[in-house]
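In order of appearance the chains are A, B and C, and numbering begins at 1 in each one.
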Amino acid sequence: MRRHERLIVAAGGVGLFLLWEVLVRRGALDPSLAPAPSTILDALLKLARRPEVLASLGVTAWEVLAAFLIAAPAGLFIGFALAEVPFLGALFRPLINFLFGVPKSIFLPVFILVFGVSIPQKIAFGVFTTLFVVIMGGIAAVESVPRELVTVSRAYGATPWQVIREIYLPSMAPILLESARLGMIFNITAVLLCEIYGARDGIGYRIAAWGENLQMPQLYAALVIVAIAAVFVNEVLRVVESRLGFWRRVA
Amino acid sequence: MTKTLVSIHGVSHRFGADGAGVLALDGIDLEVPDGQFVAIVGPSGCGKSTLLSLVAGLRRPSSGTVFCDGERITAPMPRKVGMIFQEANLLPWLTAVDNVAFPLKLRRVSKLERRAAARDMLALTGLAGFEEKLPHQLSGGMKQRVSIARGLVQDPAVLLMDEPFASLDEQTRMLLGDELLRIWSETRKTVLFVTHSLNEAVYLADRVIVLSARPGRIVDDVAVDLPRPRTFAMTSSERFGVLKERIWQHIRQAERR
Amino acid sequence: MTRVSQAALYLSILAAWEVLPRAGVIPRLFVPSLSEAVGALVENHGEYLASLPTTVGEILVAYVIACGGGILVGQIIGASPRARRMLLPVFRSAYAVPLVVLYPVMMVWFGLGAESKIAFASIYAFIPTMLTAVAGVAALSPALGETARAFGATSLQQILFIALPASLPSIVAALRLGGALVIVGVIVAEMLGAAEGLGFLITRYRTLLNSPGVYAGIILVLVMTGMHELALRRLERMVASYRET
């Protein structure tokens, strides 16, 4: 994006919020459906000072993180195994492709049957939604390693460990990070879905409750928090991804 | 008499499980004196790349032995043998200088030392000023120069080149051929140079080895008695034509069989 | 060899699904046996069938809104390099926002009925559909149109013979992705809060701890997404052959 275009986009965003504010103040938008941005901001600042809300955010963050810390290594391990062991690949890859395409959200009730409404249930569901993305990423990453470079480094006397460190890791890193990032998006969505569907704590639980009680300013403020947090995580991972992939030709 | 640097004795190579696979090379005997520039030609699929990979120690021959500088080759010996491939095969995440330094890095030479050596090699191959470029910022010819510099950086006695200019355009490849001769005359490496181009073979080499169609056998060993330094004008000389004609006859016969 | 071992793999998965719950290795509440789940579908088929009109109706309307809108906006944005430069980064970042959190808002706005499901599924599927369409249009080579003009094609001919066939594959790809998301969006919305529909039925069976009923519902959803996938793959092939002529 060029500089002035960036300004236009930013101005457009600000303009939308201003329009929203004006429409509410003029009475054209019903504040009980869409409260004014100023009201939402006010609610946001108040929420940020309520310890129980911060605790709920903490619970959600913990569930997301735990699910990710389980799903990412497990998915990578499975992905590498499927890519590097021909027998396993031939046997399981069609199945994995199929499962990758199956919608995961509709299995949520099953997780409640198995784990009850609990934190382990949310973590397990997060793992379930994230796992397949990471597996596919792991397979793609291994397959992206150029065989010729492995031969070259062998010709120059690289040990197997050096081949992994000097060739495999750098060439896989951007793809691995990309799949981790996509997995994280799915993971956050999955955990929030769990919390809205049935939970005792977590920001998704509070969102559902505020919605039921028609507490719109709080509801919108929570949406803003969640959106900012998710976009932030995504952008951070994306920066790391492009740092590690600096050498990839920009198309 | 200079000493023999590379000697290949009774080498045959069969791919695949014992006895079942493709016989790629059959009974190759070749002695290469120190400092000689040898071109290897032969029909496609006759085992040229296989032969180089045996000298590089990337595989072991099914039978026979390969010696380099008196030592039997069973595994890659990067300090004695440098290899340059058809594609430059640079590591895309390393700059030109770090690519050239890569073989030294594998040997845990300190960063300062290996970068200094790499810089010298880039200068030798005409790439001074491009040290910090990434591969995707270099042209095809420049990449191949980096690859040659990488082959030279450990100062190996032998340079193996597998169709190094095949993916370049005609002009770049002639320029690089002259560059290679200049580098060779400055460093006096022993070169095994695989090519499909008879012009390139005769123009560059002291000696041209002609392989038959698969399984590859040596069917001719042609001494190129053109004076050095070679010039473009020589390519249209009568002697050049005669040598090319002789090699071509063999290849045509080999293909026909 | 792989064919055989794969067939064996699938058969043993199905067999395990049948045998393990029966043998009590897996509690039936967690996973009922295959025959039990299918049995529930057969036994209560009246109830499942009765839930379908609502759900399918919602899906169809949301399909039109999300895919129609997504493809239309995608074509417009995709055709202009400036619009792509300015808007795509915004949409790519927005893609990270977990849209499920919007469902409570939709409920407040539209109530418990079909409208909230349609609105939610439409929003849920919109961005990915649009991004797919944009990618297709952006990949078109401008040389095509120029060649056609050089041969004196009229505007109508250009649209008919160049623009349409050239962007058809990306449109089908957008439908394939967007349609799947719409189906899931509607079902999830019904699970979260509804008074009828297949998603509602699944959630009700879950509260009753009737796990065969839950699994039967899930199987039905999978059949729907599977049929959609097959239909669109077919369409993809038809489009490919149309392009070749």
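Here are some notes:
We adopt the following convention: a contact is a pair of C-beta atoms (placed from the backbone, for glycine too) under 8 Å apart; a residue touches a chain by one contact, two chains touch by 3 or more.
Computed from a prediction, not measured in an experiment: that's the story for all the values here.
Summarising the inter-chain contacts, the pair of chains with the most C-beta pairs in contact is A-C. Nearest to the global CA centroid, when each chain is reduced to the mean of its CA atoms, is chain A.
We define each chain's centre as the mean of its Cα atoms; on that basis subunit A and subunit B are separated by 50 Å. With each centre defined as the average position of its C-alpha atoms, the distance from subunit A to subunit C rounds to 20 Å. With centres taken as mean Cα positions, subunit C sits 55 Å from subunit B.
Interface residues of subunit A, counted against subunit C in their complex, comprise 1-2, 5, 8-9, 33, 90-92, 94-95, 101-103, 105-110, 112-114, 185, 188-189, 192-193, 196-197, 204, 207-208, 210-212, 214, 216, 219-220, 222-223, 226-227, 230-231, 233-235. Residue ranges of subunit B in contact with subunit A, taken from their complex: 56-58, 76-79, 83, 85, 87, 89, 91-94, 102-103, 105-107, 134-136, 150.
Put simply, subunit A touches subunit B in their complex at residues 146, 148-149, 151-159, 162, 166-167, 170-171, 246-249.
Within the complex, the subunit C residues that touch subunit A are 2, 5-6, 9-10, 29-31, 82, 85-87, 89-90, 93-105, 107-109, 180, 183-184, 187-188, 191-192, 199, 202-203, 205-206, 209, 211, 214-215, 218, 221-222, 225, 229.
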